[in-house]
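Below you'll find a set of structures to go through.
Next come two complexes, and both contain chain A; in the first it sits with chain B, in the second with chain C.
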Partner chain A sequence: MKFKIHRDHFSNGLQQVLNVVGSKASMPILSNVLIEANGETLSLTTTNLDLGICTRIKANVEEEGAITLPVKRLATIIKELPNSDVKVEASPNNQVKITSGGSLFKIMGISRDEFPALPEFSDDRSFTIEQANLANMLKSVSYAQSSDETRYMLNGVYFTFSEPEDSNGSGKLSLVATDGRRLAKIDYEMEVGEGLSGSLILPAKTVSELTRLIDKGENLKIAFNDRRVAFQIHTKDEADGFVGDILLVSKVVEGNYPNYQQVIPKETHQRIKVERELFLQSIHRAALVATDKSNSVKIQISNNLMELSASSPDFGESHESLAIDYSGPDLQVAFNPAFLMDPLKALSKDEIFFELKDEVSPGVFKTLESFLCVIMPVRYT
Partner chain B sequence: MARISILSDQVANQIAAGEVIERPASIVKELVENSLDAGATSIEVEFKKGGSNYIRIEDNGCGMSKDDALLSLERHATSKIKSASDLNRLSSMGFRGEAIPSIASVSRFLLQTREPGSEGGTEVLIDAGKLIRCRECGMPPGTRITVSQLFNSVPARRKFVKTVATESAHIVHNTRLHALAHPEVSFALIDDGRMLFQTPACPKLKDRVMEIFGKAATGNLIEVDEEEGGLRLSGLIGAPGHSRSSRHEMLFFVNNRPVENRTLGYALIESYHGHIPKGRYPVGFLFLEIPPSQVDVNVHPAKSEIRFRNEASVRGFAVRSILKALKETVEIGVAPVELGLRKANRLVAKTSTQPVHAPKEISQTESSRTRAESGPVTREGPACEETEHGVLTVGAPSEGHHVTEVPTPSSLDRSWQFVGWARGDLALFDTESGIVFLDARAAQRRIWYERVLIAYRNQSVQSQALLLPIPLGLDPVSSAVLSDNMELLETYGFIASPFGRNFFRIESVPTWLPEGDAGTFVSDLVDLLRRGDLSDKNKNANEDRLANHASRRVVNGTPTPGDDEIPSLLEELFETKNPLADPDGRPTFIEIPRRELNRRFHRGSVDSYKAEL
Partner chain C sequence: MERQIMHVDMDCFYAAIEARDNPSLRREPIAVGSRSSRGVLTTCNYEARKYGIHSAMPNFIAVRKCPHLVILPVRFDVYRFESKRIRSILNQYTNLVEPLSLDEAYLDISSDKRNAVSIANDIRRQIRRVTGLTASAGVAPNKMLAKIASDWKKPNGLFHLAADEISEFMSSLPVSKIWGIGKKAEEKLLAKNIRTCGDLQSYSSLELTHLFGKFGGELYDLCRGIDHRPLVSNRVRKSISVERTFSTNLESLEACAEKVQSLFLELEEELFRLKVDRKIAKLFLKLKFSDFTKTTVERVGLAIKESSAQTLLREAFGRKALPIRLIGIGVRLATYHASQSQQLEFEFQN
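The block that comes next holds the complex of A and B.
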């Protein structure tokens, strides 16, 4: 294998894949990147067996071939090379020679034969969606994922593609995340062909990789079966050296996602319109005295007035008041301030609706779009 | 012939000896007490073969005239009290007038004594209660008593004398007790010609403890000195985390008399709850001063047991005093770390100018006959103290603060420099005063323990309602227990509801509980309820158990902190009330002092070592 490549292209490509490495000492090859020189492109692949990424970049291939190299060290070296022209040459004993300007590196690699191939599967259930849309949706819900390993099926974002309910309606994609204390959900109308309904739980690690990758082009294609999901992320930025799509293949979380529909309150009791930034800042300030994570912020609603308060026995108290448009009954409820702030931070619209009922019922954030976030209250016993 | 006859004095004495002289150590005890009552400033105890062959006690006390010497051998002859009412004001060691005749009746007893003013001494030799001779002799002022052939006249008793090693241990223990009680008197203990310990008059109890128990023992001691309503508790106790597997180093002295007393024992153990591990015992050398009228020493012939007239108040006072001292230690221990972490300029310097334990004022009855006065010894600044031990005051603040020798580790550090990990969860720190090993797990447990306690200390417990209730299946017995205790659990923030046979749904959990632990935690609580460790009776004990359990559960479920979490771990740890021990009383960190390292590397002091280089 022998090729010439632009330093920055090589570096960009490696940056895309270097997060996905195996941690098992028993398979050292998983901390390597598979480099395949083929035609006019170089493809870079990493995997930790649960998740794999493959990206392709422009290169001037003189001799086709493949090798694997430790990805973290390689990325550091490539980034620091003195000259933008980089020559890479692999010898049959798996040693790779990298030259750039006056620099010469000889790195020991591992033969490609041991590298586990990314799984391939039929994409009979596949959808296309705009990257910007999906990015926005993921951002709106991903904070609510659980990190509790005992309820592993909550360790991800639940994707549901559903067919139109009647002939006039349209299909939709729903994204849901919950940690058992709050739940965030967002819908997006899109075409879902007949018989193509389906759902999957995308693991948290894949969610964060995907979020990082989807700002490179217009569309992405998502295809999945019962065990795996693949994202083909279109890239258009030729200047960065990318060619074609970035492929992300991941295991899905196997298990049944809880029936979240039943925990979303069906009726609206008291609806309060709040200004997102203002509300967010008030909660943030009120929570400053509640140094301990376990403390809560109390919300009191009365005629046209919302009061937020928090206290800590060792430190003191805080009070915040906000003018609101409200004429319903007085009510009071307490929440974990982080649960209130997370959705407010993730959203970008200024107008938000906050729905409340009483001190033991959940609070619900809604937007005019299809976003909602259900938050369970903190009770005082 | 009359069936009832009056026993001869000799038989009566032998019977009395049965009570007073239980074993050779009792002789040492009685005679040392006599010496102390005689105002001796130097006492030498020598014994051979566990004391049954030979015991010699020699003092430089007030001695006796020939008449007194002979009279002292009669029963109930004493100089210490005159009437029964004197018993209420007793401050001398003995008072019954039984010891000497009792001893003399069961051994070969040689008494040599000389009053300081008289020209010569008196020598009285008695064998098994019979006067053999009485003559003049030459000797320095004081009294020398030699007891040999112990129990020769009562073979039955001789059979009960244990092995030489056991009896020797008793004598050593006894002499140590007296030496501790009287730091102002110089003591020497000789076993078969071998000097076991010899200690000059010490100005401070701490020095005495060091002389007797060795240097290592004193490193972890803190001082107690509290006074309240006529009671005074002083002495030394172990720093939190410093414990022993037996009660052997829990020594109590009431009005300078070594005693065994449950009230004080329990008070000490109780005070250390949470400071030392379960099943371990604290260390304490505690002196209680109490008006003689408040205590009854006439409970046991050997006076090793006493009774307080008001046990509850003594116990309460002792617990308060010990807790206060422990709390101060913790505060002192905290200061340096705050320094390190926050680079703050303050140093908690507690200059102690109170007198350390000093021999108490002698009471009414016998002031003329009691021991030499020595005024209260005030403690000097630390400088001389430290040089005395050949220790450098490294990094000591230059602001002219007096800094107490702090018993807890790492008192004067500027900072704790994180070095790395040992064995996975021991964090190593380089400090000004040594090397600190922090048990990260224990530290986390302490933090969680207090976090949970604080959550329950609030008026209302905050409980996070769950969006997705957590199912919990239990066996029938546990189900019944849970059903019966729903309300109790609710007061701790756990709300569960029945959901079919032997099945429950956890609907709300306390806000402090990390995600994911709810199911196991509630079933743990049910186990605690079944064992009776939680009940609706004792709120405080419940909270303690719950917090303790929660700390263990949570910490086991979380990974050991990473390097970057070390500063916040330390900060949180030192914000807790007792950063020195985990909830079970195991130490959170230990320190190897620099001087110990220097000693092991034969470096001498740091400065001279550097000079050599």
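The block that comes next holds the complex of A and C.
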């Protein structure tokens, strides 16, 4: 194998794949990237067996072939090379020579034969979505995923594709995430053909990789069956050197997602319109006195007034007041401030609705579109 | 400002209640406790004390000393009821009441303008009228002295120690009267020919710290009759537990498991009865082996159910190859602070 490549293209390509490495000492090959030189392109593949990524970049291939190299080290070296022209040559004993300007590196690789291939699978269902839309949806809900490994079903984002409910309606994609204390959900109208309804739980690690990858082009294709999901992410074939699509193949979280509909309040009690930025800043300030031990912000609503307060016995207390348009009954409820701030940070609308009932009922953020976030309160005893 | 602290102590509370409720036994030596031959006495009356019997004495020894001793079963619900009545009497005099157990309490009456001795006599009279039981009381400028004073004229007595009498009183007071000095410490002091607090006063704080560690520093103050501890009303309960000593030692894990099953039910009743609203931090299980050594296993994160107690039992049982004399199970409560707020969770039902 022998090829010439632009340093920045090679580096860009490696940056896309270097997060996906295995942690098992017993399989050093999983720390490596598979480099395959074919025709006019170089394809770079990494996998940790649960998740794999493959991207292609343009290169000047003189001799086709393949090798695997430790991806983290390689990425560091390539990024630091002195000259934009890089030559790479692999010898039959798996040693790879990298030259650029006055630099020369010889790196020990592992034969491609040991590298586990990305799985191929029957894609029972496939859909095409605009990358920007999916990126926005993931951002709107992913903070609510659970990181508690004993609730592994919640360690991901739940995708549901639904067919139209009647002939006039539209199909939709819903994304849901919850950690058992708050739940975020967003819907997006899209075409879902007859018999194509289906759902999957996308693991948290895949969610974060996908979020990182989907700002490079227009559309992406998602295909899945009961065990695996694949994303074909279109890239703009331009200055950064990418060719074709980035492929992300992942296991899904196997198991049944809890019936989340039942925790979304059916009725609206008191609805308050809040200015997102203002509300976010007030919560943030009020929470500055909170500690791990007393991590809550109390919200008191009265006629046209919202008061936020927090206190910790060791440190002190804070009070914030905001004018709001409200004439319902007085009410008081406390929340973990992070749970309030996460959706406010993720949204971009200027005005959103906040619905409350009493101190033991959840608060709900809503936008007119299709977003909601249900947050369980902190109760004082 | 000089404090006025009162210590009220019921005279052999449990035994006195039994004597009150069984008038025919009034002049007999009475003890309360488990009636099994292996049990120990919880308490006894003054008649019994004449025979050298005291609380925590094993039954068989007590019976040897006094063959006609009447041992009555413990009736905690009755004692608790009387204790509640007594506490409500104490609460009429001040909000600052620190109960130590069912039968004794400290009161801070510093802010009361009336004469401390007449308050103490009022309280004792009222307790007598309401419950038919006698109480002794001590009044002094601090908790340690008040407790010593209540013991001074027992039973049915009152002793008032004024601030200007402390120095003389302390110089002849035996060291064993000081709170915190038990048998071991007393022996240590006797070896140095220290018998009274007066003897102890000739030692510097540093010397006492060498002898007794951290307690030595406290001892320096205590032997001079100085004690700044404030009253702690509303003591926060740290744990709730139930335990049982068996009439014959349990040899097998299966036998223990059976007892754990019934003890766990008792623990649940106790938790219900005490209306515990705080979070439970962890479950624990205690075993006393036939050689009287103890072991305790406790673990965070176990569900509060019988199977968890059985898990702890298996672990504790395996620690020593000896028969089991006593099993206790209980829960440690989370600190009050952590329980002030609680993040609510969704209840998913599939």
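In this text, the second predicted complex is superposed on the first by the 377 of 381 C-alpha atoms of A that agree within 3 Å, B and C clash if a C-alpha of one lies under 4 Å from a C-alpha of the other, contacts with A are read in each partner's own complex, and residues count from 1 in each chain.
Everything that follows uses one rule, which is that a residue touches a chain if its C-beta (ideal position, glycine included) is under 8 Å from a C-beta of that chain, and two chains touch if they have at least 3 such contacts.
For clarity, every value in this text was computed on a predicted model and none was experimentally measured.
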Mind checking the superposed model to see whether chain B and chain C fit together on chain A or clash?
-> clash
Can A:N336 be said to touch chain B (first), chain C (second), both, or neither?
-> both
Looking at chain A, does chain C or chain B touch more of its residues?
-> B
Pick one for A:S296: touches chain B only (first), chain C only (second), both, or neither.
-> both
Return first, second, both or neither, reflecting whether A:N256 touches chain B, chain C, both chains, or no partner chain.
-> second
First (chain B), second (chain C), both or neither touched by A:R181 = both
What is the contact status of A:V378 with respect to chain B (first) and chain C (second): first, second, both, or neither?
-> both
Would you sort A:P164 into first (chain B), second (chain C), both or neither based on which partner it touches?
-> neither
Check whether A:G65 is in contact with chain B, with chain C, with both or with neither, and answer first, second, both or neither.
-> neither
In the overlay, answer first, second, both or neither for which of chain B and chain C A:P265 touches.
-> neither
Quick one: classify A:D148 as touching chain B (first), chain C (second), both or neither.
-> first
Just one of 135-143, 279-287, 333-341 or 369-377 in chain B runs into chain C once the structures are overlaid; which is it?
-> 279-287
Overlapping contact positions on chain A, where the chain C interface meets the chain B interface = 178, 180-181, 183, 258, 263, 294, 296, 313, 334, 336, 360, 374, 376-381
Of all residues in chain B, which touch chain A in the complex?
-> 451, 454-455, 457-458, 460-468, 470, 490-493, 495, 508, 510-512, 515-516, 519
In the complex with chain B, residue positions of chain A that touch it = 146-151, 178-183, 258, 263, 292, 294-296, 313-314, 334, 336, 360, 362, 374, 376-381
Within the complex, which stretch of chain C touches chain A?
-> 277-278, 337-350
Residues on chain A engaged by chain C in the complex (per definition of touch) = 178, 180-181, 183, 256, 258-260, 262-263, 293-294, 296, 313, 334, 336, 360, 374, 376-381
